[in-house]
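Next, two complexes with subunit A in common: one pairs it with subunit B, the other with subunit C.
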Partner chain A sequence: MAAAQQATVDTGKVKDLLAAHRAEMKRYLSHCMHCTLCAESCFLFMARDKDPRYMPSYKVLNSLGVLYRRRGRVERSFLEKIKKIVWRNCVLCRRCYCPVGVDIPRMIALARAVCRSQGVYPDFDEQGHQESWL
Partner chain B sequence: MIIAHRKPLEEIVEMLGQLNPVLVLGCGGCTSICLAGGQREAEQLAADLREDYGNRGGQLEVNTYTIERQCNADFFADIDRLAGDYQAIVSTACGAGVQFVAERYPRLPVLPALNTDFVGFDKDVGWYEENCRTCGDCVLGETGGICPVTRCAKSLFNGPCGGTRADGTCEVDPDIPCAWFEIHKRLREQGRLELITRVRPAREWQNQIRRTVIQEPYRERYGK
Partner chain C sequence: MEEFIRGPLVWIAFAVFFAGLLLQGWLFFRNTSPRQRRRLAVPEPKKKKPQKDKKTPLTPAALYAWLVNGSSACYQRHWPRLRRTVLFTHPFMTVVTVVFHTFLFAAPLLARAHNELLRRGLGAGLPSLADAAVDAMTLVVLLCGAIFLWRRLLVRRVRAITTFYDYLVLAITLAPFVTGFMAAHHWLDYHTVILVHIGCGELMLMAIPFTKLGHMIYFFLYRFLLPGEYSFGQGSRAW
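On to the complex of A and B.
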């Protein structure tokens, strides 16, 4: 993974992944009304004193939302940044609730897939144990 | 967490036989955390397979893809598109994940790359210990939080047997503490030693069938 960390982002691969899910994801992103009703369905949000960074809507808008807004043209540092959002701040328990039917876990999973396609994913070895994933 | 370890490469190669090309499917769940079947381990397995085939004058076309969980249909959208390009999938998930993939792609051989060991906890990085046999009849509330099914060599519900050594270890292996000796110590510390005299009905171990859990509020939805 060290080599992957130094490599530049394969934008074509990122764009392909985003394009494969574009219709569904664009629909979800446009349907989010920022109502915040998803917030209290997230146990991490509740366990972190309702820190808004743990709101499911915040997590998707600031990861996958930005990926689509930038049309996949992102730096590796951005993927490293959203790694914390889509792994450490979300365990993909699939319990988040959206009143208009936005499938938040699928969006988080796609953001993770984009990261994985560039070799950005959590370590669970010595290095990984130094930072908490929960 | 489910703990697993990789099978010997020769066993995986033997299962593959002439199947080619192959997708090594990593799992981002438990086997990722126990360092057996995540993205890094899936890529390592693919590299090992390529090298092994190359050393024998052959060539294996092998790609990898890692999804977040192989035991949940919600994460398979990308694999649904890819699966048709391969003659086999080598899964680095636990046994449940492998069966889930096999059920989803019934015409495709789905091969396990791991041996699934147990449900346990992390003692340290890369060190895991078994703590639960998922027997479905938990007695931890009466045994001081020590599982006799897992940690007693005979899985006794009403122990100890007569084989506890003088130093409190098990007659089966002197390196293993007797579970019931430990339970006795723990209950005494908690002032709840009377619990050890409670007789628990014998467990029916034979003729076990596949278990399904549907939580009470969901029974109506699934007609169960």
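On to the complex of A and C.
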């Protein structure tokens, strides 16, 4: 894990992953109306005193949304930042509901895949005792 | 410039609008994954409904029992799911959104002036409502728009993900209604206001297929064609 943290980001791999789902994901991102009506469908949002950072739309826009906006050109520090969003702030229970029909879990899953491709994922053996993941 | 806005740009706007919608529809089907298409093609088998006992005579007692037990079963089956829908978690916003979208279409389509132009241009138009009714619908659209703006500016959770683009889309949507109302009541210089109104309408039409406003077509594509737990297609629970 420590070696993975020091390694640079393979932007080519990240770009390939993003490109494979570009049409669908860009369409979903562009049709999110930022209405926040999805918020209550997330049990973590409800359990965290309705903290906006736990809204499904917030999680998607600040992880996958930024990845697409930067066209995959991201640093490891950014991937470490979104690791908390896509793993700790979302358990991918697939219960988030979008009135327009945007497939939010699919987008979080892709953000996780991008992180995982760069060795960025929670290591419970090492980090489990350091911070609360749920 | 004025002649261009009143003449060719109207047709350009309609052409871009309809061609854009067709393009987005084509892109949707082209980019829907094979797995999703396969699920579309093979509907899930429907559960068999229990057969009713046809021999039971329809007495008042039987009817009462059917009504009470039937309603109770219906309530127990659907209420827990309904309780978690947007209608129950956000009743106010659900009503505002539904009314906004209904009048957003109804007001321009049923405005007398618009249909008069259609009759002059194409020889046919839709039935028109009284001016007062269209005025009322326009004001309701603007009120709903003001509520959306209020949420964007003051509600913490909405502000957390609001960008300049959201304000721009809201402005593009509401501008034809503001200027249309002003033109209908001859506020300010009519000649200028009607020109701005036409320009705003053309801008909105051209923006619909290529901006967030594309949810006009994608709402139906997502909701009816992509199977999922919450869609109207044959989705199933994923959990």
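Basically, the second predicted complex is superposed on the first by the 133 of 134 C-alpha atoms of A that agree within 3 Å, B and C clash if a C-alpha of one lies under 4 Å from a C-alpha of the other, contacts with A are read in each partner's own complex, and residues count from 1 in each chain.
As a working rule, contacts are C-beta pairs under 8 Å (C-beta built on N, C-alpha and C of every residue); 3 or more make two chains touch, one makes a residue touch a chain.
Not measured: the values here are computed from a predicted model.
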Which of subunit B and subunit C A:A20 touches, first, second, both or neither: first
Larger contact residue set on subunit A - subunit B or subunit C: C
Contacts of A:C93 with subunit B and subunit C, given as first, second, both or neither: second
First, second, both or neither for A:G101, with subunit B first and subunit C second: second
First (subunit B), second (subunit C), both or neither touched by A:V74: neither
Partner chain(s) touched by A:L44 [first = subunit B, second = subunit C, both, neither]: neither
Touched partner set for A:V9, first subunit B, second subunit C, both or neither: neither
First (subunit B), second (subunit C), both or neither touched by A:V114: neither
Subunit B versus subunit C as contact partner of A:L61, first or second or both or neither: second
Residues of subunit A contacting subunit B in one complex and subunit C in the other: 94, 105
Interfacial residue positions of subunit A with respect to subunit C in the complex: 23-24, 27, 30-37, 39-41, 50, 52-53, 55, 57-58, 61, 93-95, 97-103, 105
Complex contact set, residues of subunit A against subunit B: 1, 17, 20-21, 92, 94, 105-106, 109, 112-113, 116, 121-126, 129
Interface residues, subunit C side, partner subunit A - complex: 27-28, 30-33, 84-86, 89-90, 93, 97, 155-158, 160-163, 166, 211-212, 214-215, 218-219, 221-223, 226, 228-231, 238-239
Subunit A partner contacts - residues on subunit B that touch it in the complex: 28, 32-35, 38-40, 66-69, 72, 74-75, 77-78, 81, 125-126
